[in-house]
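To start, the structure itself, in C-alpha cells.
Every chain is named by a letter (A, B and C) in the order it is written, and numbering of its residues begins at 1.
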C-alpha cells in the first residue's frame, strides 16, 4: 500500500507538483493519467525516493520514504521514463548487477532471474549488448530490472511511450500478467491505455489531482459527453436536422464535402449512447443514405478535464 | 480547521528537511574538524614518534667502517666536534636532520673519543679564539668544526650532500646522497693520520670548474687551490699534486716548461682530457709534457664496437676494463667512459720511464677521426685502446708520477654530480689520488661515503643491446598489446 | 559496495578506456625506465616520483565518467531507488578506480624485477615512494570522483579534476609566489619590511602545509612517517564524504 499525502514539488518558481494526495491499495492497478508536463514523472520520482519533495509525505507499506528509505525501497520496483540501462553491458550482466545492488540472495538469484527473463520474454537476447537492442526490448529489460528483488509494488512511468503498435500490445499483455500479483502504478497520457489495464485512475493536470475514480465510474461520467463520428452520402442538411431531433442528441455538426461524403460529429448526452446508434441507423436507412464510416470518438484529455470539471 | 491542519503538516515536513540539511552540513563540518585536528595531532605531536628510519645504511647511525676506525684510535684520543650554532631543535626540512642525530651517534659510540658540542659564536664570540688560536681557519657561523690537536677541519652542512641537479628546477634541492658520515669520518681520519697535502688546479685553459673534485680532495685531507695560467706561471713550493682537468684548449708554452721543471723535481700530476667540444685540439704543449713521461694523447675518439661494452647506441659511451694492476682500485671490474681520446705510450727512449696501462677498451674498438665537416673516418683497425695510463720513473727516490685519463668521466663536475661520490668511477679516481699522493702510507682506511644510493647495474648487463630489448618490450610490445586488447574487446562487444 | 565496485571495475575493461589508460601508463613508465636503463643505473624511486606527474592526466581520464556518465544516462536513479547505501556506491567507484591504478602499477613492479635481475638495487626508498604513490593516488582519485559527482558532463568533470590536481602539484611554487606577492603588497602599503616578510613567510608555510608532495618527500630515502599518510588518507576521506553528501542532497534538497 502506498499513501501519498499532500505532495508538493517546486522547481525554482515552477510548481511541478502542487498538493497531490492519493492511496494505492494492495494488488490494485492504478492508472496515473495526465497530459505531458502534468507532473506524473515528478510524482513517481518522489514516491520511489529518487527526488525529494518540497513538502508532503510518501509511505510505502507503512515506511516513510524519507525516514526509512531502505525498507520502503525494498518493496518498490521502478521503471523510470528513461530506463536506467547500461548500454555497455549485456542483458544478463546487467540483471546480475541489479541483483547485486538490490541485494538479492545468491541462492535465489538464478531462479528469480530465470523467472523474470521468461516472463518478460527476453530469453533470446539475454547475451546481447543492451545498446544494440530495439526500443521494445530495452523497455522489457527495464521492466525486468524493476521486477528484480520481487517487489510487491511496481511503478511504471509511461511504459509504452515510443514503441510501435505491436510492441505496445506486447507490453500491455505483459503488464496485465504482472498485475495479477503486484500493485501497479502506470502513468500515461493516453486514456485508452489506462482503461485497458487499470482498476482505478488518478487524473492530474498542472500538478493537481483532477479526479480519482474507478474505471467504471469514470466511463459513466465520460459517457455524459460521448461523441460519434458518422460519414455518409446523401442530403446533409436534412439528415442533420433529423439527427438533431433525436432524443439524447445534444448537438450535431456537419462538415459538407465536395466529394459528397459528409462527416457528422454527433454529441450525445445521457446514458443512451448505445441506443442512439440504432436510431441513427434508422434515420440513415429511411433517407437511403449509405453509411461510409460510423464509430465513437475517443475524447481528448482536454475534453475529459472539461467534462470532469463541468460535472463537479 | 482543515486549512490549519494542512499548514501544520507542511510545516512538519519542512522541519524534517531542515533537520536533514543541518545534519548533512553538520557532519561535513565535524568531519573537517576531526580531519584537521587529527592532522595537527599527527603532524606536530605524534609525528616525531611515528617516523621510522628504514633506510639500509641507517642515515642516523654510524657505519661499521666508522666504528672500526673509532675503535682503532687510542683511548686518550679527543676529537672535538663543535657546531657553531645553538643546538638545533627544529630539524625538519633542514640538512641538519641528518647531521645532528648522526653526530650524537658518534659521541655515544666512540666511548668518549669524539665529543660533540654546540656553541653559538654570536653569543660566545670567544669560541673562535679558543678553537683557532692563530686565526688560520675560517670558522663561520652555522658550520661544524672538527678539531684535533690544534688542527681544524671546517664542514658546512650543505657540503655533506650531493644534490639532484634536475630537481633544483622544482625549486628545492633534493639531496641524492647523504655524505654526512663520509665527510665527518674522513675529516677525523685525516686529522688523526696527520696527513696533509696540497693540490693545484691549472685553470685558464677553458677547463670546467672542479668543485666536486675539490670536495673529494678535501675529504681525503688534501687542500686545493687554483693556479691560473699566465706569463708568470710558477708552481708553488707546497704543491704535492697538479690537476689539469679537462682543458678545452692547450696549455701555453711557458706552463709546459714549468711543468717539465716540476717533473724533473719529482712532481706528481693527473691529467684528464676528452674529445667532446674540442675535436680538433691536438694539445702539442700538453703532449710535450706527457712525452717526458713517455705518454701521448691522440686527436681521435675511441669508438667501442663490442655490443656488451657499448652504453649508448654509437659506441662513444662505453664500458672499459680495469687493467690487472689496478683491479683493487675498484669493487667493480668495469667502469664507464665516454668520448675518450686514446692514451698511448710515446717513443721516448729512456728506459727508466715506466708506463703502465690503467683502463682499456675491448679488443674491438676503433679510433675515429672527426673530419672538418663533422663526418667520421676510421683511423685504425679494431684493436684494444687505452683510455687511461700511468707513468713513473723507475729507480729514483721521490720519482714523478702521473695518471692520464683520455675521458672526463672520472674528474668532471658533471659526471660526479650526476653519479655521486659512491660511483665506481669516482671510487677509482679516489684510489688513484691516494696512490699518487702516497696517502696510503699514512692512512690505510677506506672510509668512503656510506653506500646509499648506488643504483648502478652490473655493468655487463646494462648494455646497449639489452637496453634496446627493454625499449621494445616496455615501450612497444606491452602498450601495443594493450591497445590491441582494447580493439579486440571493443570489436567483440560492439556486435554482441 | 562490492556490486558497484565490480560493475565499475569491469566496465573499464568492457570499453577501451581501461586498456588505453593502462597502455598510456605502460608507455610512460616504460619510457622512464628504459631511459634510466640506458645509463646503467635505475633508481625505482625516481621513476615512481616522475610517474606522479602523470596523475594530472590519468586520474581525470579514469574518474570523469564515474558519476557524470550515470547522471547523463539516467542510471544514477538505480542508486537512489534501490536499497543500497549511497556511501557504498561512492566507495565502490573509488575502489574501482584505485584498483585500475593498481593494475597500471604492475608495470613498475615488472621494472623492479628487471632491475633486480640486472643486479640493480630496489631499496627501501623505492618501496617508500611506492607507498607514497598509492596514498597520493587515493587523494587524487577522490578528488576526481568528487569532480565527477558535481556535474553531469564528463568534460567538465575532467577539467575540474585536472585543475585541482595541477594546483596541488604546483603548490610549492604557488606558495612561494603567494608569500612573496603578499609580502610585496604589504610593504607597498607601508608595513615594515620585517613584519611584511614574516607575514609572507607565514603564508608560504601555511600553503606548504597543504602540499602532500613536500610532506612525503622523505619516503624516497627510506625515512617513513605516519603523519603524511594520515594527511593523504584523511583528505581522501573528506572528498569521498563530500561526494556522498552531494549525492545524498538529492534526497532532501527542496528544489
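Convention: contacts are C-beta pairs under 8 Å (C-beta built on N, C-alpha and C of every residue); 3 or more make two chains touch, one makes a residue touch a chain.
Quick caveat: nothing in here was measured; it's all calculated off a predicted structure.
Viewed as a network of touching protein chains, the structure reduces to a complete graph with every chain in contact with every other.
Chain-level centrality, scored on Cα centres against the all-protein Cα centre, points to C.
Our note on geometry: chain A versus chain B, Cα centroid distance of 83 Å, whole angstroms. Inter-chain spacing, taken between the CA centroids of chain A and chain C, is 50 Å.
The distance from the centre of chain B to the centre of chain C, each centre being the mean of the chain's C-alpha atoms, comes to 34 Å. Those residues of chain B in touch with two or more other chains are numbered 17, 20, 493. Among the residues of chain A, those in touch with two or more other chains are 52, 66, 88. Looking at chain C, one finds that residues 14-15, 251-254 touch two or more other chains. Chain C contributes residues 2-4, 6-7, 11, 14-15, 73-85, 250-255 to its touches with chain A in the complex. Chain C meets chain B in the complex at residues 13-16, 18-20, 22-24, 26-27, 29-31, 33-34, 37-43, 107, 110-111, 114-115, 118-121, 123-125, 128, 172-173, 176, 209, 214, 217, 221-227, 230-231, 234-235, 237-238, 241-242, 245, 248-249, 251-254. By the touch criterion stated above, chain A contacts chain C in their complex at residues 10-12, 45, 48-52, 54, 66, 69-71, 73-74, 76, 78, 80, 82-89, 97-98, 100-103, 149. Residues 5-6, 8, 52-53, 55-57, 66, 88, 90, 127-129, 132 of chain A are the ones touching chain B in the complex.
Partner chain C is touched in their complex by these residues of chain B: 17, 20-21, 24, 27-28, 31-32, 35, 38-39, 42-43, 46-47, 50-56, 59, 170-172, 174, 178, 311-312, 336, 419, 453-459, 461-462, 464, 466-467, 470-471, 473-475, 478-480, 482-483, 485-487, 489-490, 493.
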